[in-house]
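Just so it is clear, A, B and C label the chains in written order, and each chain counts residues from 1 on its own.
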Amino acid sequence: MSLISQLESFLFISNRPLTVRRLAELVGTGEEAVEAALADLREKTNGEERGVQLVSVGNAYQFATRGEYAKLIAAFVKEELVGEMTRPQLETLTIIAYRGPVAKSELERIRGVNCSLILRNLMIRGLVETVDGQDDAHDPMARLLVRYQVTHDFVRFLGLTSVEQLPEYEQLSKHEFLEAMKQQGEKFSNAVISE
Amino acid sequence: MDVASQKKIDIKLETFEGPLDLLLQLIERDKLPITEVAIARVTEQYLKVLRETEGGMHPEVLADFLVVAAKLLLYKSRALFPHLNVAETEGESLEEQLKLYKRFVDASRVIEKLFHKRQYSFAREHLGGRAEGVFAPPIHLKTDRMHTIMLQVLKSLEPVVKVPKTVIKQMFSLRDTIRRIEQLLANQVQMQFGALLNGAQNRTEIVVTFLALLELVKQRTVVVKQEGMFEEMTVMKMTNDQTPMTNQ
Amino acid sequence: MSLISQLESFLFISNRPLTVRRLAELVGTGEEAVEAALADLREKTNGEERGVQLVSVGNAYQFATRGEYAKLIAAFVKEELVGEMTRPQLETLTIIAYRGPVAKSELERIRGVNCSLILRNLMIRGLVETVDGQDDAHDPMARLLVRYQVTHDFVRFLGLTSVEQLPEYEQLSKHEFLEAMKQQGEKFSNAVISE
């Protein structure tokens, strides 16, 4: 039994994205081994002319059909393609896609406007989700900050396999100025809390 | 403000999403690069649009517009009161903020294009394997637990349903502030800037008051005098012949 | 677009085995070509490294996980379907019990997140059903009108004869916050329509 083929079978049968942690539990092996195998599986699947591709967001994976067959498949599953999106929604999604997982405060600093309502609507549409801050258990401040990321649904809407395929992903996700802003933001929220 | 740019205010008021968006639209409409000079140039138009739309704005959104207005005024006040040593506010400059914002706006156009290509990639809706006719209740669930859960759900709705009253309380509109200053001036003719701020509760209100004051200066209803760099500012009402009235 | 990869995406997304004739219809080509491509696809999926194989039942084809993983997969499916319920699932079930019959959109506004997957799972578990068998309407407008309620089996499981016997049913089912959310939703959808 190869690890890759086991992972493929779980991902194939599942109707929702599976995290590395869950997959590791299922196959009874360490998360690192699973990650390495997933990287392999991804390369094999997405690199070739396959009808399915492996889509990843954060550390969760899911198989989905190839984007260019959207019309054919939509007719088959009798599902309408996505509804329309407003400019503010697109703008917010863009920032979350490039910067996710991102705290609401950072999002609002970039857009310069309160984003509560729009975040709520995007979550209801299933395009944005919160990330558990469990990994930041050592930092109580970070735990307080809920962070948001785009969902597999969103990545699949665009026919991508990962947000990293977005144009200029490197620059926009690691924009040095944004890092500076982030630090200022943290200073600011510390100040607010200590008041 | 020059007449030419005043004529051009025909921006559709419903179409901007936030203060940065409005600012960017104003700058791009004038085909200006994002610089401090360009930002200063569109300040008047920004304030005009804000005045015309603030009534319909959610208080939290209005607050965001005012934060940007305050930054705009920082630029503006350097010109208006050269003797006033206006310190940089904390945080990034509006210019940097706007440049970054624009990068994401541009990126969102690319995403919009991708979106319209409709290359939707479908995932399985149903779990593989048969599972029909099962009844699998949550074994330990009792009605009192459901009661507790329901109460928690309702509690979590409270902030969504009730518009945050504290925010409304904190905020008061630009227009109101302008009126307040006008009334104060009607009675006292000359007053200290500090007195105007007596009623201000927080930074936002101070900013709003300052903003309103500058508006009045611009409309030539008041004159602001400051004796020395760190002295109290004095606000004086203008008489019709446009000379400051004094108590002498 | 290669024929093989098109076939692969249909076979992946389908819940049921697909006949050669149906596949030929779907991809708009002759049955012989489809058969040849299927043979190719079958060979490709037979390799050691693959977790999914193409199997045929009579004239129909479907992907299935490798036989040697049957036990693991069965355990996974069972866990996914009828394993211990998560907090979001319990919450959704509770809201439907108190507020049902309730539309998905209202449910989602109350919870602030998309509920498609959870609803599907609750239905598979026999805890929730649609009113009047409006199940799975493919017309998007009709789907908006679908309402959900808890099943008789679930009510009986709780030891009740009607949801009205739930604690504080009267007050909670018509709670002002819920009514307010509903109105917000109506306002919102009107606004969207009028745009």
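Convention: contacts are C-beta pairs under 8 Å (C-beta built on N, C-alpha and C of every residue); 3 or more make two chains touch, one makes a residue touch a chain.
Note that the structure is a prediction, hence the values are computed from the model and not measured.
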Centrality ranking, top chain (CA atoms only): A
Centroid-based (C-alpha) most distant chain relative to chain A: B
Averaged-CA centre spacing for the pair chain C and chain B, given as whole angstrom: 43
Interchain centroid distance [CA atoms averaged], chain A/chain C, Å: 21
Intercentroid distance (Cα basis), chain B paired with chain A, Å: 31
Set of chain C residues in contact with two or more other chains: 9, 12-13, 65, 73, 77, 80, 112, 120
Interface hub residues of chain B, defined as touching at least two other chains: 122, 124-129, 160
Chain A contact footprint on chain B (complex, rising order): 17-21, 58, 60-61, 63-65, 67-68, 90-92, 96-97, 100-101, 103-105, 107-108, 110-112, 114-115, 117-129, 160
Touching residues (chain side chain A, partner chain C) in the complex: 1-2, 4-16, 26-27, 44, 49-52, 63, 65-66, 68-69, 72-73, 76-80, 120, 123-126, 129
Chain B contact footprint on chain A (complex, rising order): 12-15, 53, 55, 62-68, 70-71, 73-74, 77, 79, 81-82, 85, 87-88, 90-91, 93-95, 97-98, 108-114, 116, 120, 152, 156-161, 166-168, 172, 175, 177-178, 180-181, 184, 188
Interface residues, chain B side, partner chain C - complex: 122, 124-129, 131-138, 141-147, 149-151, 153-154, 156-158, 160-161
